[in-house]
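Order of writing sets the labels: A, B, C, D, E and F. Residues in every chain begin at 1.
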Amino acid sequence: MDASTLQTFTSPVVLFFVLGLLAAFARSDLAIPEALAKGMSLYLMAAIGLKGGVAVSKSGIDSTVLIALTLGIAASFLIPFFAHAVLKGFGKLDRINAGAVAAHYGSVSVVTFVTAVEILEAQGKPPGGYMVAVMAAMETPAILTGLLLARGMGSKDGQKPSELLHEVFFNASVVLLLGAFAIGMISGTEGFGDVAPFFEAGFKGVLCLFLLDMGLIAARRMMDARAITWRLIVIAIGLPLINGAIGTTAAALSGLDVGSAAALGVLCASASYIAVPAAMRLALPEADPGIYLTMSLSITFPFNILINIGLVSALASTLVGALSGAGGTQ
Amino acid sequence: MIETVVRKRIEILTDVALVGRVTDAIDRAEITGWTVTPVNSGKGRDGPWREERVMGTDKVFVLTVASQERANALAEELAPILTSHSLLLTMWDVEVIRGERF
Amino acid sequence: MIETVVRKRIEILTDVALVGRVTDAIDRAEITGWTVTPVNSGKGRDGPWREERVMGTDKVFVLTVASQERANALAEELAPILTSHSLLLTMWDVEVIRGERF
Amino acid sequence: MIETVVRKRIEILTDVALVGRVTDAIDRAEITGWTVTPVNSGKGRDGPWREERVMGTDKVFVLTVASQERANALAEELAPILTSHSLLLTMWDVEVIRGERF
Amino acid sequence: MDASTLQTFTSPVVLFFVLGLLAAFARSDLAIPEALAKGMSLYLMAAIGLKGGVAVSKSGIDSTVLIALTLGIAASFLIPFFAHAVLKGFGKLDRINAGAVAAHYGSVSVVTFVTAVEILEAQGKPPGGYMVAVMAAMETPAILTGLLLARGMGSKDGQKPSELLHEVFFNASVVLLLGAFAIGMISGTEGFGDVAPFFEAGFKGVLCLFLLDMGLIAARRMMDARAITWRLIVIAIGLPLINGAIGTTAAALSGLDVGSAAALGVLCASASYIAVPAAMRLALPEADPGIYLTMSLSITFPFNILINIGLVSALASTLVGALSGAGGTQ
Amino acid sequence: MDASTLQTFTSPVVLFFVLGLLAAFARSDLAIPEALAKGMSLYLMAAIGLKGGVAVSKSGIDSTVLIALTLGIAASFLIPFFAHAVLKGFGKLDRINAGAVAAHYGSVSVVTFVTAVEILEAQGKPPGGYMVAVMAAMETPAILTGLLLARGMGSKDGQKPSELLHEVFFNASVVLLLGAFAIGMISGTEGFGDVAPFFEAGFKGVLCLFLLDMGLIAARRMMDARAITWRLIVIAIGLPLINGAIGTTAAALSGLDVGSAAALGVLCASASYIAVPAAMRLALPEADPGIYLTMSLSITFPFNILINIGLVSALASTLVGALSGAGGTQ
């Protein structure tokens, strides 16, 4: 743990999350109205999409972008296989629940990513703007793998696959992230200037209040949890550690810069708690939300925010430093 | 005196993600319409939950007014998903005005 | 055992713009009170609609508990606008505690 | 044909501040669950009120489905606070599917 | 189409509207919570009212202001007569529905106006601050004309006229627009300075999200529309073209500056979809919302945002240029 | 009334409150969606807490802070005794209702405080940052005194005291105010810099819209009021006058600076309408909300915003001036 990790704990963004956790554990009635939470989540996605698009409109699209996209999509497809095996074996879940949880860990958490970007920028390692597109691309492949693992190729339930595919590709966060990304690319720095006061200046403050809410929700769900065993807790901490390390390493070896490598690690480490739960209610109603939401939202999410982002960031610095050092002596 | 006729009122508590399934079933039962109302929180076998719309896991009521016959058709339609998706369905007799519409 | 009495529960689905008309009718029928609850969306003869409060075209439920006699008075009061404004009215018998209040 | 059984549906209009009291009573009556739905506004003996959540004075409906016996137990449980806290309680018979759960 | 019209399509404000349209057509579940949409609409009205009032506190009230007010109120009263004739004749609507639709076209759309102001300012033709008061004054006269046309002088329905007049003059948007305008005039530049970061810096960003929502709503209503014929579509595009041209011309001839003339044109061209629908549900319940909302919201509104504001602006420049050229040679 | 009092009535913040009052009296349907009002209230508390904490992180905690805390807590405990006597005697309320109302006057109104801070800062007399902590500390003691006065030591109702104490100490506004205060202290000026655009730049604008809503609610409740006598109106104006004067004087005598003395006076003068009503519904359901909400929200609140803050501020200046003058000649 270096100074920058410590710095995390004096950042208002992280401190508001801790406040939410504490308030919920103390059974305070503090609560953010849902319409507002939904609105903040839309705002954060629009803002991060715009910012990414503007950045790419400046830097252009090169091979690095394609490499990052490929790595991200591959991770989203493959992580569920690994996760499913662990969840069935060590976690002792049945096939259906293991598949549902695995889909969550293959997909990503937008807020974890956004928080990581803030922390990385504060540490002087900003990720590339294209990482927003990578995130959007990673949201959904995992859903398909997870369903496959849970159910095999057939579907007994009358859920039409086309319906599910539509739900998966046009779900609100994918559309908003990619739409805002495209708007950012089209309007560029100049067009963005007009709306920057709203989407840029307000960003961190909104993130504070949103994380306050996430802290409240995560802790409340934790306290109500029934179906969670110690084995599942171990997995909900182990998976982000392993996925984060593998993702960062792969990205560093593929030549991404420190910030982008760390961001890809965080995306691999994070677990969805918005898009995937909704898809699972539709496609795998037999799976228990008490398991997948509690693991992704109440254990993995806080673990990533409070600890793992710092670890992934440190690992990325070490690896990219070593590689470029190696490269420098060639 | 105004004339009233007796119809069934059916209320189904369902996850937001499943509303489309329920209203499709209502359409297939050839019922003239339906109305969706919000829900804040609740407690069931899995313990308490709060409305968590950000997470897409909240619930709503879908309510519909129909003739006895169509109400039965709807119940049959929904039967397969009632237990698997843990929907709560209650129905009872109500008087309606302009009964020819339902 | 607690004593209950039977009263009518009446629920009226109405456009927000018309709530005042409905509650005026309730007042004129000398019913003691009413309660308004929100509605998200629905489908009727004109096809589906979503709550569009920005446009002032959304709907609510107005519900009231009254004696049989006053419930009839209310239905009579509302009759003229029921069809013209396409309100949906259902009513049924409920048991209430503290029945002297209604 | 799908089999239905008859249960009581109980709806209680209560101040948000008192929801915990009501759901505690439901739990003590050993009823399997409950559902809370929002309320916008109303009129009672003290005149009209609007939802004023900022001030913590708004209301919700708590609804629960239970056997006749447990419904009575709940009504007994709530009796002492019904009048003092001016709750509105209505209950009626409904048909439910999967009746063994309630 | 000059460069500035093209520029419209790289403005984030317009692009977010297009994103909303596309997302809804693709049947994405993207949606803005209603409480938030309502809040953004209040914010936009408060902000535009304040800004207008502050501008007038600087410029003072002169004969131009009175001319613009007179033109606006006259337009709101008279447009419904013209529209009613077209709707009954070419549009084949019955008297009641024609009256209801006519009322919408005589009244105004706040968001169309706000978007036009943004575009005109970007083009270096800012309208006068008093145009906000003109807009508020134009909201309601059309309702009275529309009812008269629909119903003649009598009312069979027991709707008390006093109730309607009250609803019309104290409706939320009139009160907020004029109230904020008055506050702006009273507190002036200095007082406004305190609240400027909120009402000014955030303005365009909020407008982006609001137009995203409007795009979603307009397209969804379009897809559900049943009662719309091709004749009504033609009218919903023809009326804003004609009304916009007449309004702009009258304003230019009356000596208004380019920006204000264009703004008056846009007000004439725009159709209400907030205040008037609510009044119609009360006073003309037999009229079909499926007709008047679809026309004003799903056809005229997008047409104005995407195309007609640009046309009106170009027309205003041409006319005012020609007139001042003529004036210059006198 | 000096220039600065007049200045109050050209401040947008106060003018929006007046607009809300007028709109409601004119029976306009203007309304702020509740989720938004709740959100603005959370925002204001987070922002004022943060700002206070940052200020204290700079100034440090000294004996003045302890004095102010002691004065505040004592006032919250003691004011209800005085208020209860007046309410039973002059006001002719029964014991229960007198106790409930007394609790409101012992506690504080966050928005009154926030508005006062804005006005004091505009007058060049900023209160110390620690006054936020004083406010949080004053929220709840009055609830205990009020219950004691209403009910004696026993409770016939089965309300568990522990439940009430929990509700009182972990209620949302106390947790958020103190939590944000702590975050401000921990992250200090530097950490606050990141989120300042959101929490600082937007503050006055949000306060405008929030006061617009408060004006609407206060006036509507006033018009629906039934149980209010002229005696209660006199008390609802007299109590803030007296409590404000006593609080200011005690603070000035204890050596607080002008701004902080005025702020303490305003806290004493203000009456709660959020935390205390909720506690009373739980603990004193027999008390009539029509009395306590109308007095605190519809009479005392506007009186404080429009008049009493100015009076308290003037008193503080006079007293502290006289005392320091006296001190200066020593």
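Simple rule for what comes next: a contact is a pair of C-beta atoms (placed from the backbone, for glycine too) under 8 Å apart; a residue touches a chain by one contact, two chains touch by 3 or more.
What you see is a predicted model; the values in this text were computed from it and never measured.
Contact with subunit A and subunit F alike is made by E. Greatest centre-to-centre distance from subunit E is found for D, with centres as Cα means. In this assembly, the chain whose C-alpha centre lies farthest from subunit C is A. Remark: subunit B and subunit E have CA centroids separated by 40 Å (rounded to whole angstrom).
The distance from the centre of subunit A to the centre of subunit B, with each centre set as the mean of the Cα atoms, comes to 35 Å.
Rounded to whole angstrom, the centroid-to-centroid distance between subunit B and subunit F, based on C-alpha atoms, equals 46 Å.
The set of subunit E residues touching two or more other chains comprises 33-36, 38, 197, 201-202.
In subunit B, 37-38, 53, 92 are the positions where the chain touches two or more neighbouring chains simultaneously. Here the touching chains pair up as A-B, A-E, A-F, B-C, B-D, C-D, C-E, D-F, E-F.
Those residues of subunit C lying in contact with subunit E across their complex are 15-18, 46-58, 80-81, 84-86. By the touch criterion given at the top, residues 33-36, 38-39, 42-43, 46, 50, 166-167, 170-172, 175-176, 179-180, 182-183, 186-188, 191-192, 194-195, 197-199, 201-202 of subunit A touch subunit E in their complex. Per the touch definition, subunit E reaches subunit C in the complex via residues 34-35, 37-38, 41, 157-158, 213, 217, 220, 224, 226-227, 273-275, 277-279, 281-282, 285-286, 288-290, 293, 297. The touching residues of subunit C, counted against subunit B in their complex, run 13, 37-45, 59, 61, 72, 75-76, 79, 82-83, 88-92. The touching residues of subunit A, counted against subunit F in their complex, run 10-13, 15-16, 19, 22-23, 26-36, 122, 197, 201-206, 208-209, 212.
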